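The following pair of complexes shares a single chain, subunit A, combined with subunit B in the former and subunit C in the latter.
And then the complex of A and B:
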């Protein structure tokens, strides 16, 4: 089996197991929470003012919430075997539809924010790494630590105050046009770049101090050319792993940003499902997040195999 | 320059260009002749029991009967109604020539079928429903016992009339085909509903051709939208945001007092609360005016009795306003045998005057009000612990019998007849949003029974006064404040009417200036 096929097979097995364990833990934790699930579902459906014990009793009966937990879990597993994740207890839409609908918003915004973060972090990180201890490095450190220590809602509120409420260039919330994506994407990108810029900077510093770089310079190459020819790929290996995990993190939901900008992503769906005890959605989301992290790890592995011939050779051996 | 480098530069230039054009696109969008409505509630499902209020408020679906902002009942899908001499059989005549949004005629059979589904739910469970049927051009509803308040019950959003094509083979609502002045053109997730004027509408057609409903749950985000001028009507604005919105000059906040209250309810079966003098003392110790000014930012919202003056039939001006009298409250407690202990907390027969008050975190002002009340009750020697949580904590505590004291928000006009709230809240042993173990329910029950069966207006007025006097004097539930219904209105629209019953947004009457 070639290294790529082996990596895919290993990660696929890992993904399925992780996803199943995560979904099962979700089921166990939700049911371990105090309170009546049917009452929560009733409140989410009919509103706080109109929820009554009678409504909760009807929902308990209709949705089979009065059955033993083992039976409910067994039912979920049986449906999962035929790729049916069930229906939301609140909206009654299929879990697959709910995840697909909210997932595409999160994926879109996550991808945009992630790309934007690397558009910011890559040049700055490389610049800082070329002159460690220089003014650019010190400034970058100060700014990135400052942004990283700010909660994302503060960054978002700051951007909304300037660009939506004062200048009125962009809408403060919503999701229907490209303009609606600008502020949440920048908020997300700044938060991500604050971390990745340090990873890139450290990676560049490490690679530039490596013996093979010194050898390249002795060979007569200029600093930039040596870095382009011999340093770039090596510096990219830790960055690629970090970037893949960061992407998985943004896709599994950035609740604060979605709430602040009224963006209907997965984070928002999951929080509402947790508050409403919408068990099928919570389990479906758990399953999907597990698969997502495994996919991100797989992509990181494949990128590293491509970038690093030593690793590919080891895997082949 | 190599071709690949040129392609890269072109790509970057395109992205930058698109980003620069986005703000312009947003501004252009604001100029569209589209009425933009923002409110907190998501359109979570097609079931009218869950989200019928959005359909009714946005003028998408209509009920058989509707209520005007001044409280008058008017025909909705029906043009009028009569009752037979047996006082059991109601006949509703439909508007001639009216059609559903799919062009199919609104027939008595279609209306009867839609209502039959509604009567199966909990919303209309208080109606002693016998049957509903089509008789010629009329819809006939028969009750098992005389029920004079049937027409206001038929304004309940759960009873919106939907076309037969709305229902699937399982009898569940699959899509919304209704009969209101606007019809749905698109639903985007749970947050956005796009509407267009229904040209086949039987009554006055809306002036504005297109509207959009956007659900924004977060109050701060709604306020930001109003400040940025990104909507024409923003409903349910937090008191703390009013100044900011008005100051920005894009939208102006308008408000009216509505029959929704923030009360405290007691478990009257507990030793702490079984004596009416204790309940009255607690009521007297609360500084309603201070809470209304400092927390709610609206002095007029301090409650003087259960319902505000807007409810002319149920607000009794002859009832003495609830006083704020801390010394009087202390005297009442001493008279009732509750004496201060070493720590300042009163006790009687080994029971401390203490309780846990449950309140709702979903309404931001309630935990703050609860904290203020905690400090105010401490002054008269009562100790309360506060637990704020999701709405389900209150029904759960009532069910398992652990409820001691609760503070919440409650509308008295789910339908425009207060008796529909009085019956479940004040005549049962355990009411979710009212009294618990209150012996006075035995006195209220015969009055409410007579009220719903009486067709004599003079007698009903007397019954209303008697019911409200018992509730006012016995204080099983004490009102703290009334609600302000706040709407931020754009300068570009005119003829906005705020419905105190919160049944409709009346956007079909709104015009662009």
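And then the complex of A and C:
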């Protein structure tokens, strides 16, 4: 079998498995909680203090909570398969509508932050890699270790206090205009760049020490020209691999960043739903984030296989 | 075990091992003895003196409920660092045990354990802890389980790799021929190199656990107010960022210094491991 097709098949199976485990976990969490599920749903719908035994009984019948667990589980998986996730207990809109609405914002922020991180990391990493141990290299390392030691919300709070509260250049939070996307995107980008700048720097250092670069210099090319025509493409392989992998790490970052900036993406939806105990939304957003992560991993695998034929050969072996 | 030969790939940075250990030591001392030294009640409110700047009575000022920020940061240290330690110890215990089982057991055991760890790595890190905290209510236990579950696969993988390498060495073969029982061989010959190698992961794991705990606290899904926990403090102070930047800075710096200390110490351990293995 073609290694690329094999990789797709393996990742797709894993994505399905991940989705199934997440779905099962959500089901188990909801039903394993102490107390009566119907009473909790009733409390979420009409308020803690107005729940009566009748409301709970009605919900028990409506939601099919009086049927055996196995039947309920089968029903839950069957409805998932046709993307029927029910309605939010708070907004009463369907979960799929909510996911589609908030998903757009998350994809936009993720893509912008990811692109921005490479706009920051590429020039700095190459500069640092050209003089290993020089002042630019040492400064880059110190700053990147420092940023990597800050949780993303601290980076965000720092940016808010500088650019929104002190300089008043940008809005601190919310979402109405494109300017609202700048600070969250920079926060995400700085967190990603703190790691990728090291990879870029190392791969530049490694390529510049290779024999073919020495040969290019002997041939009479200048340092810059030798790097442009012989080094760049070789240095790009590990960097592109890492860049694709980082697209998956974006998923980790946006939950906290969106909540900090009150940005209406999937992460903010999930956290609000968790605080409000809005179970259908929690399940839907959890599943969606898990699937996004699996999809990003699949893309990363494909990029690696296309860029580095040696890897494909190993995968086939 | 062979040391990574491509030293070029390692960033050649001086990592100040003594400085990082001093930093870690200082944070541990803060967690262990700080609450005894700073006797002020971290939850005592004084609504007449809210958001006050630094003074002799309140060296780091007061928060929006008039509570002493210094006391809250100091009393938060054993919580943030203690829970991180519990998470990482539990994760490394599970990971090392499963890794040894995978290396030493049948092929089926190996396959099951490795697929399980693949599956865990296929989850975005924070999601599991979020869902658990959300469903079970904020508190220590869901956080412990969630963070532990995301950390153990790394330990299992490294343990398995190290153990498989050690099991092929002549002295282990000699011990087997001499008739030592499996548990003795594991404890005497396999466990020590495994623990040396996983020391780096443990230290780096502490840093990432401190980050996850504070992130959960910040999202309002970790330890619940009025518990003085750094992430939760930041969440509570966020609306007053403009009026009280100094009060906000205190827990931020505490998180930063802890994570920085663990990260640098982890890199120092990694350097030490590479150096001791490349030595003849």
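The definition used in the following text is that the second predicted complex is superposed on the first by the 176 of 317 C-alpha atoms of A that agree within 3 Å, B and C clash if a C-alpha of one lies under 4 Å from a C-alpha of the other, contacts with A are read in each partner's own complex, and residues count from 1 in each chain.
The definition used in the following text is that a contact is a pair of C-beta atoms (placed from the backbone, for glycine too) under 8 Å apart; a residue touches a chain by one contact, two chains touch by 3 or more.
Here the structure is a predicted model, which is why all the values come from computation and not from measurement.
Novice: What is the contact status of A:160 with respect to subunit B (first) and subunit C (second): first, second, both, or neither?
Specialist: both
Novice: Once the structures are superposed on A, label A:259 by its partner contacts, choosing first (subunit B), second (subunit C), both or neither.
Specialist: both
Novice: With both complexes superposed on chain A, which partner does A:174 reach: first (subunit B), second (subunit C), both or neither?
Specialist: After superposing on A, A:174 lies in contact with subunit B but is clear of subunit C.
Novice: Check whether A:64 is in contact with subunit B, with subunit C, with both or with neither, and answer first, second, both or neither.
Specialist: The answer is neither, since A:64 touches no partner chain.
Novice: Figure out whether A:55 sits in contact with subunit B (first) or subunit C (second), or with both, or with neither.
Specialist: first
Novice: Please work out whether A:123 is in contact with subunit B alone, subunit C alone, both, or neither, and reply first, second, both or neither.
Specialist: In the superposition, A:123 touches no partner, neither subunit B nor subunit C.
Novice: For A:275, is the partner it touches subunit B (first), subunit C (second), both, or none of the two (neither)?
Specialist: After superposing on A, A:275 lies in contact with both subunit B and subunit C.
Novice: Contacts for A:134 in the overlay, against subunit B (first) and subunit C (second): which applies, first, second, both or neither?
Specialist: neither
Novice: First (subunit B), second (subunit C), both or neither: which does A:222 touch?
Specialist: neither
Novice: Where on subunit A do subunit B and subunit C both make contact?
Specialist: On subunit A, the residues that contact subunit B in one structure and subunit C in the other are 160, 165, 259-260, 275.
Novice: Can you name the residues of subunit B that touch subunit A in the complex?
Specialist: Going by the criterion above, the answer is residues 18-19, 22-23, 25-27, 29, 41, 44-45, 47, 49-50, 53, 122-123, 125, 188-192, 214, 216-218, 221, 224-225, 227-230, 248, 360, 362, 390-393, 395-396, 398-399, 408-411, 414, 424, 432-433.
Novice: For subunit A, which residues are in contact with subunit B within the complex?
Specialist: Residues 35-36, 39-40, 42-56, 58, 90-93, 101-102, 160, 164-165, 168-180, 182, 259-262, 264, 275 of subunit A touch subunit B in their complex.
Novice: Touching subunit C in the complex: which residues of subunit A?
Specialist: 14-15, 17-18, 21-22, 25-26, 29-30, 33, 132-133, 138, 141, 145-146, 148-154, 157, 160-161, 165, 198, 201-202, 205-206, 209, 248, 251-252, 255-256, 259-260, 270-271, 273-275, 277, 282, 286, 289-290, 293-294, 297
Novice: Hey, which residues of subunit C end up touching subunit A in the complex?
Specialist: 6, 8-13, 118-119, 122-127, 130-136, 207, 211, 214-215, 218-221, 231, 234, 238, 241-242, 245, 248, 252, 255-256, 259-260, 263-264
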